[in-house]
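Consider the two complexes below, in which chain A is the common component and chain B and chain C are the respective partners.
On to the complex of A and B.
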């Protein structure tokens, strides 16, 4: 016990905060060590593989062709056109899985830490409140990006291996060379990531207000569902520009040729608005929150 | 402030001799219309072991959370290690170790991994010095054998130790422990006491909250008694122990006539389960006995009793929380 005391000299006696890089690394390590993060990342990585296998089997048995030229929708387009598999998978995941991941990460970031009792440890350390929010936002954003990239990579590999194809057949019927096709896939992944970030920012604001992670997930998914419902009601089309999911359906514009950028840019701006609103709310709540 | 003669003098002397490690003035916290803490003026002298004593819900934890900047007071001032909060929090808090409201850790990480996570946020640690600091802290709280097991599988006592280890990761000027012996067995309680004694010997100021009087009497140099959100007494522990008025315990079969006789002679007395308790502030023991004999009351036994902090605490808090009777066993109820 005495030797332990001798060893314990203050090493940075004048420092008032821990180095940012160390906090970010620690946060990433924490999120990536959390069992449910790993399970969710693993399942997401499997989505394109399962979809690819399914499409390959369906193509072998001729099921897709039987429905006519457009019968299988996007799935039929993917047949023999491997580079579309990651896009197809991300479109499927964007309906519920990826928003769920963003919401879950945000829920664990603040509400989960508060419920654990670990948030006050960070506040007393001290990690400044704005800084803590920045670290948390970074953790959520980085792992969201990782999830989307993971799907993109397994989707591309599974697509090329299972479905083949040395170029990308676009929705417009033209064929892009492999390199340009890959570029489109990455652009699609980036835009999807940004939309999930926007939702995760709103979820983070909720996360800063509660200590029940479930509330965060419920609110975020509720927002997605309600937005979808409101979007589907023609009488409420004046609401459309304000809804978070409005641009999500425009994302497949990326695989048109030539690419119509109007809706995509609008989508990025809309997502940016939600991002700013979400982080602002989160910050204002974080600064006054009782730890 | 009740019944603490000389306290002003002590406080003044302390202020001149030693600066305060923590100081609050007029602290008030209202949670949605409920006043949790009101008008708390707390003085924690540097180097003291200050026990915050009070029943559950008396405002101990709220006060501690305000001291640590976790909660913003509705009104009042806080000075921590010479820095005014909240602006000076970044300067003061790195030198403060805290275990508040029970240990909080990630269940899926081991004890060591949890401490590494805490260490990453400690301004005073370098990355290179972190593993040694974590090892030292784990050894200090006697958790070395379980350091690599998952926190999920820890017993309550092990969790409490890990919380203490986190508070002691870095040498501190002030250590704040909220009910540190909760869930510990007697051996664990002794170890915590010995760690607190070590901290005291190193010159670290310790603030420890407890609802157990024996614990405060065993470990603290100073005490602040809280009741219903306010400080009802504070100061040097010995002064407070001595400050209680002496009393006399009289056993007699004729309780009512005895109390009547004493009250007729303007001697404060009340009947308790043990006998009649007579306040000796304004009178002496022979006079009490003489009064009783004059009135013809048979007296079996007369015992002189000094009211310790226990009695003070019991008097202050019995009515507040019925559960306390079980914990405290104040003389009145036995």
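On to the complex of A and C.
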């Protein structure tokens, strides 16, 4: 008995445990090799360019002056203010596209593998369940970050080229130098990424519980939509601070000057709670799942 | 197997921690409900200290929430919040978030700038016209609002200190202004929360009869006294913004003395009663009642055209009495009565008081 334990302990590192770096790299390669991932990343990268071209054309024809119910707001500020374009695009994408991407990646990570029948192989493979989940979660998080960064880069480039402007005109009417403006853009991208991670974590928990990827996407988007509806009901105001989407609307605080940090910090805490809940549920399901 | 159990309990603990975290975030700010221990004070000395204190340099967030029982155009309905910075010496900055835009008011002592991000416009006021722009600022200044109120209501009210509480995470005295029993008013009491340290009123709440929640609440949700960065109180209109001179605008719309006199003669304003049951009676010029106004629905789309009187009737209930027939609009904090021949009576009083006031010719 004792010998057996010792034997296993000795053998384990050499025979069965693959280096973590290699696992993560192979997972990333797996995700990025899926055609739909590439299509989605490409489309997301195009969003800021399309928005930039649209705003540039609208500005030329003077259409932005006549603000509609939602048309005014940030769009009119983006004109001649290129550094705001990535922020504007991310705000648009945060309403549906980015949550969809997070949900889709999470759906593919576990439920998709289960549907293909490949998850069974992974579960019986000599990789710990927690380790497997960590690798999957890393894949989702890394590609989400990649998607947001892609949008940020194309947005910044398209903004500076198409709309121009030196520095960043904040929503408060002050002008930040280019470096500080770029800092705000990166901060915004980081906060957006974190919020998508939080939703993706919840989606990953669902993904561990089903073998139908569509269910995962439906539940995650359902969560977003139901949160929005609950948010709109005045009688449920007490619930608002606990809803996952509550902090999404506060994200544009980043382009206020001086930047009010209260809501942003609270948003990170709220997202963190969902992140922990999501990963914990996913872990407990993975551990109890049959091989 | 043992490792699995450890991991499972870690997962359970993680889930619990996340849920607890969400509950903590959702719990109302200042969940610490035990009233702070502060030295005793009398209502009189509290009022005196409020009236004499100078607003220090501070930064904070002011929130307005109202539940008046009727959406009245022009009043802030629902919740609004503004960020405020002041150096305590007349320079101030107020930021009001509106949808995905922001309105910023910067007063640098000589010039007041009003920036609106929605249409990238700047309005500039210099010198005396500053007060006009300051009206928006005054709306969001709990200190000034509370002071004006105490001055106006002093004689007809009972002042008392109702213990201590926490507002914006600071210990406050609760100054309660209650109407004397002889006052016939819809209001139950007005609560003013006075910061124990700076003696700045941090919150003003108006409570109406028959409801526990305040009908109107105006107060700081964050309050940090301390020196502010001087750059906050300067403003340079950004390139590409359209700048208009507010002084010229004000001058254009300023009515002449003759016009003012004509308007006063037409309205025949009269004040009936005093204190809490003050009723303002006047006559609306007939052409104003008959004039067509264009109504807007919630989405901002243009609705049908209607006359002013029809609009009033739409909101209110028909009523008749010694004065003839008219329409009464009732809210939690006040009542307005418009007769069909154009007389108007308004006050924070029940309907009967308005009818009596209209009877006093």
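Keep this in mind: the second predicted complex is superposed on the first by the 270 of 291 C-alpha atoms of A that agree within 3 Å, B and C clash if a C-alpha of one lies under 4 Å from a C-alpha of the other, contacts with A are read in each partner's own complex, and residues count from 1 in each chain.
Definition applied: a residue touches a chain if its C-beta (ideal position, glycine included) is under 8 Å from a C-beta of that chain, and two chains touch if they have at least 3 such contacts.
In this text the structure is predicted, and so the values were computed from the model without any measurement.
Contacts of A:18 after superposition on the shared chain: chain B is touched, whereas chain C is not. In the superposed model, A:121 lies in contact with chain B only, and not with chain C. By the touch criterion stated above, A:60 is placed in contact with neither chain B nor chain C.
When the two structures are aligned on the shared chain, A:26 is found in touch with chain B, with no touch to chain C.
Touch criterion met: A:288 reaches chain B and chain C at once.
In the overlay built on the shared chain, the residue A:269 is in contact with chain C alone; chain B does not reach it. Of the two partner chains placed around the shared chain by superposition, chain B is the only one that A:35 touches, whereas chain C remains out of contact. Applying the stated touch rule to the two superposed structures, the overlap between the chain B and chain C interfaces on chain A comprises residues 288.
Every residue of chain C that touches chain A in the complex is listed here, in rising order: 4, 7-8, 10-15, 17-19, 21-23, 25-26, 61, 78, 83, 95, 97, 99-102, 104, 113, 115, 117-120, 122, 222, 229, 232, 235-241, 299-300.
On the chain A side of its complex with chain C, the touching residues are 65, 67, 69-70, 72-74, 76-77, 79-81, 91, 129-130, 169, 171-175, 234, 238-242, 252, 256, 258, 260, 262, 266, 269-270, 272-277, 279-281, 283-284, 287-288.
Partner chain B is touched in their complex by these residues of chain A: 1, 4-5, 7-13, 15-19, 22-23, 25-26, 29-30, 33-35, 116-128, 288, 290-291. Here chain B touches chain A in the complex through residues 65, 68-72, 89-91, 93-94, 96, 98, 100-109, 113, 116-118, 120-127, 129, 132-133, 135-137, 139-140, 166, 170-171, 198, 202, going by the rule given at the top.
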